[in-house]
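Each of the two complexes below includes chain A, the first together with chain B, the second together with chain C.
For the complex of A and B:
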């Protein structure tokens, strides 16, 4: 039983990280029809920005800030300006293929420039274990979960309670009409890329202390976020949250109770089941776009 | 002679290589309802998109209250007092009704009291107040049209472009929309309307114009067009229309 609770907690922690990545993925899709197959690598890269900053002697909090800023610049602004804007003119598919190329490019670059080895990554959250009624619970899992959920709540509040947030939602739901009303649609799309960059950076800072920083770390993460987004309905932030948490928990439980070998297959089963029985996703609506 | 509130001169515009408008020219007089009729694909909606800066006019000019607004962006047009309710559904389905409404005030200049305008509009459309917290996508088609109209009234426009407002609405809702349009005229707002429902639209209009292949075929008093046998045959359910339909 205790083991189960610990697994559940660890699952929720990973799941909350998946949710962050899946939300970013969903936001990009909603506002700019970008299917970012490099999303996993986007989570891998910020950790190396931070490691580089630490290597030149910065203290951890500053290094994290630098990592966040560089992520927003490179994975937000430059990604949009240099890759998405020029490619989207040719269509959604050419852009998606380019992001696959980008994912390989990012992996190889990190491997060449930094190292092919996994590097330990410092955590900025409290670690250790908590003894609760004779049970041992990982504080790290709890703090990751709480931190990620706070980030999601902050994002949701921004999107629903501020005028800019609502203009972003309007842009995602109907860019043509948003433009008619005078919403600066281009700027809203740029904000989405910045938010995605911040989300992946956050995910990176949370997960790297657990699974280490490695050039290939994005492979499973990208797939997990992709599946979480689809399972959740692809066009819904709520869906991405539910999808992420569900996937994290199932993933951890499957590894413990079924077999580590089949661990990778379980999310795919979940994906297939959802596509077969509920193609619009757990929370999604059928997509409807006005022309 | 009163000056037209909107004056469209020799507009040429289209999509990509395709030219749809071939020198469209017409005027809208202040305080009138002007209805645009014409066969499907004549370019009626294209005219509206071009006036509202969503499609580039290659040549020609558009003036609103004497100001040149050719190819001006929507934000500027809204601030000048022009608004546009396009064909079809143009709401944000997952935002609630009030948020949808508020988005109509994005382009307002700093001196406009938006909360006060929202209050005034809700006063006129009580159904929107009642359903204010509901997701806009849950409204009926007619209520969504009312929401779009209400949203476009938020900036107190002097000219409203409205494209096929009656399409897909129940007969009662059509009456409601038409009476709102008449009410706007009574307040001095000019309305330029595209309508498939040509007879009912011309009956409430002052002026009318017939658009064909991107050109203005006729522009006259609505009454004159209603009595014109050519118009009758083509657009008002005359012989030819019935046979081809």
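For the complex of A and C:
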């Protein structure tokens, strides 16, 4: 039972990180039909910005800020300007292929420029264990979970309560009507790319202390984010949250109770089942198929 | 006259080069050329599924793996080469048919993710089912085939064997895309609802597009096993499926010769870039991105656009000449 609680907490912590990545993924899809196959690498890269800043001799808080700023510049602005904007008019598939090439590019660049080895990454959250009614729970798991959920709630509040957030939602739902109503659609799309970059940077800072910073770290993460996004519902933020948490918990429990060899298979079965029987996702609305 | 003659001459030169150039290459060069022929067959299958029938698949690498494992397992069990080859094609055809069923329900990115999940699952089976696949230790100890008393043991001999297989596969594809089936596949891609209303059984053709495309992947895999003479799970990760997809798109999806060109870029370009050491994949990825930004329809897309532009120019010049003639009269 104690073991179960620990697994559950660890699962919720990774799940919350998956949710962050999945939310960014769905935001990009909603506002600009970008299926970002490099999303996993986007999570891997900010950790190396921070490591580079630390190597220069910056203190951790400053290095994290620099990492966040660089991510927003490179993975937000440059990604949109240099890759998405020229590709978007050509349709969904060529752009998706381009992001695949981008993922190779990011992975290999980090490997060549920084290191092929896994590097330890400092945590900015408290570590240690907590004894609660005889059960030992990792404080890091709890703080990751709380931090990620706070970020999601803040984002949700921004999107529903502020004018800019509402304009972004309008852009996502129907860019033409939004434009007619005077929403600066282009700027709103840029904001989504910035938010995505911030989310992946946050996920990177949370997950790298646990799983180390490595050039290939994005592969599993990217897949997890896709699955979380689709299982939860591609067109809903709360869907991505539910999908992410569910996936994190199932992944951890499956590794412990079913088979370590096939732990990777359980989320995939979940994905296939959801796509076949409830393609709009657990929380999603059905999208009308256009003729 | 000149254009079709030029194309024929170009075709002859390419075929002659494919036959004679490898004679001058070393062992590794011949291996790369054989790999190119095999990847072209796999990419051709994906081009049928994606380029002609318009169904996104991220599982072609898994089918290459299925074909390779079928041949490797059966050859080590002492079945020769030809029976396993036929079985590899039948198995991948059947599995491809089954994978087509999700395509009847979901489209586009959802289909991409179903096939992606399938591809990862197949990899897990290759890695974990040691009783069958020997897991990460891999299978070895099977020989290259021979036929009608001719052995294909040496690298150059096996290269000609794969080239023959490529010729066979190309002839099949050329026949298929010109047949009523090929037209039905294109109809499926262009407008499935109109195709359905015109009496095309879209359900059956969707499944067929997946099954035939996958069987070509299996065929390629069946040739890949005797080429490397050692099969383990590493080559058949999702990366292979993504690479094959890139080959099809970069070459020109929906063009007959797209896979040939795409596989040449996907297999040969990284080798030419070897001088750049670890940087070669970076350069390759940059090249693919720039190429797609420049021309999303792939290399053959550029060529087609250029030909179309020339035709338009020629036609407008002719029109101008004609109207000038009219003015004078």
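The rule we apply is simple: the second predicted complex is superposed on the first by the 287 of 291 C-alpha atoms of A that agree within 3 Å, B and C clash if a C-alpha of one lies under 4 Å from a C-alpha of the other, contacts with A are read in each partner's own complex, and residues count from 1 in each chain.
By our rule, a residue touches a chain if its C-beta (ideal position, glycine included) is under 8 Å from a C-beta of that chain, and two chains touch if they have at least 3 such contacts.
Quick caveat: nothing in here was measured; it's all calculated off a predicted structure.
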{"item": "Superposed model, chain A: greater residue contact from chain B or chain C", "value": "C"}
{"item": "Partner chain(s) touched by A:180 [first = chain B, second = chain C, both, neither]", "value": "first"}
{"item": "Partner chain(s) touched by A:5 [first = chain B, second = chain C, both, neither]", "value": "neither"}
{"item": "Contacts of A:170 with chain B and chain C, given as first, second, both or neither", "value": "first"}
{"item": "Complex interface listing, chain A residues touching chain B", "value": "163, 166-167, 169-170, 173-174, 176-184, 288, 290"}
{"item": "Touching residues on chain C, where the partner in the complex is chain A", "value": "56, 102, 105-110, 112-114, 116-118, 120-121, 124, 127-128, 193, 242, 245-246, 249, 278-279, 281-282, 284-286, 288-289, 292-293, 296"}
{"item": "Chain C-facing residues of chain A, complex", "value": "29, 35, 37, 83, 86-87, 90-94, 96-98, 100-102, 104-105, 108-109, 111-112, 223, 226-227, 230, 261-262, 264-265, 268-269, 271-272, 275-276, 279, 289, 291"}
{"item": "Residue ranges of chain B touching chain A (in the complex, touch as defined)", "value": "52, 54, 73-75, 78-79, 84, 86, 88-95, 99, 102-104, 106-107, 151"}
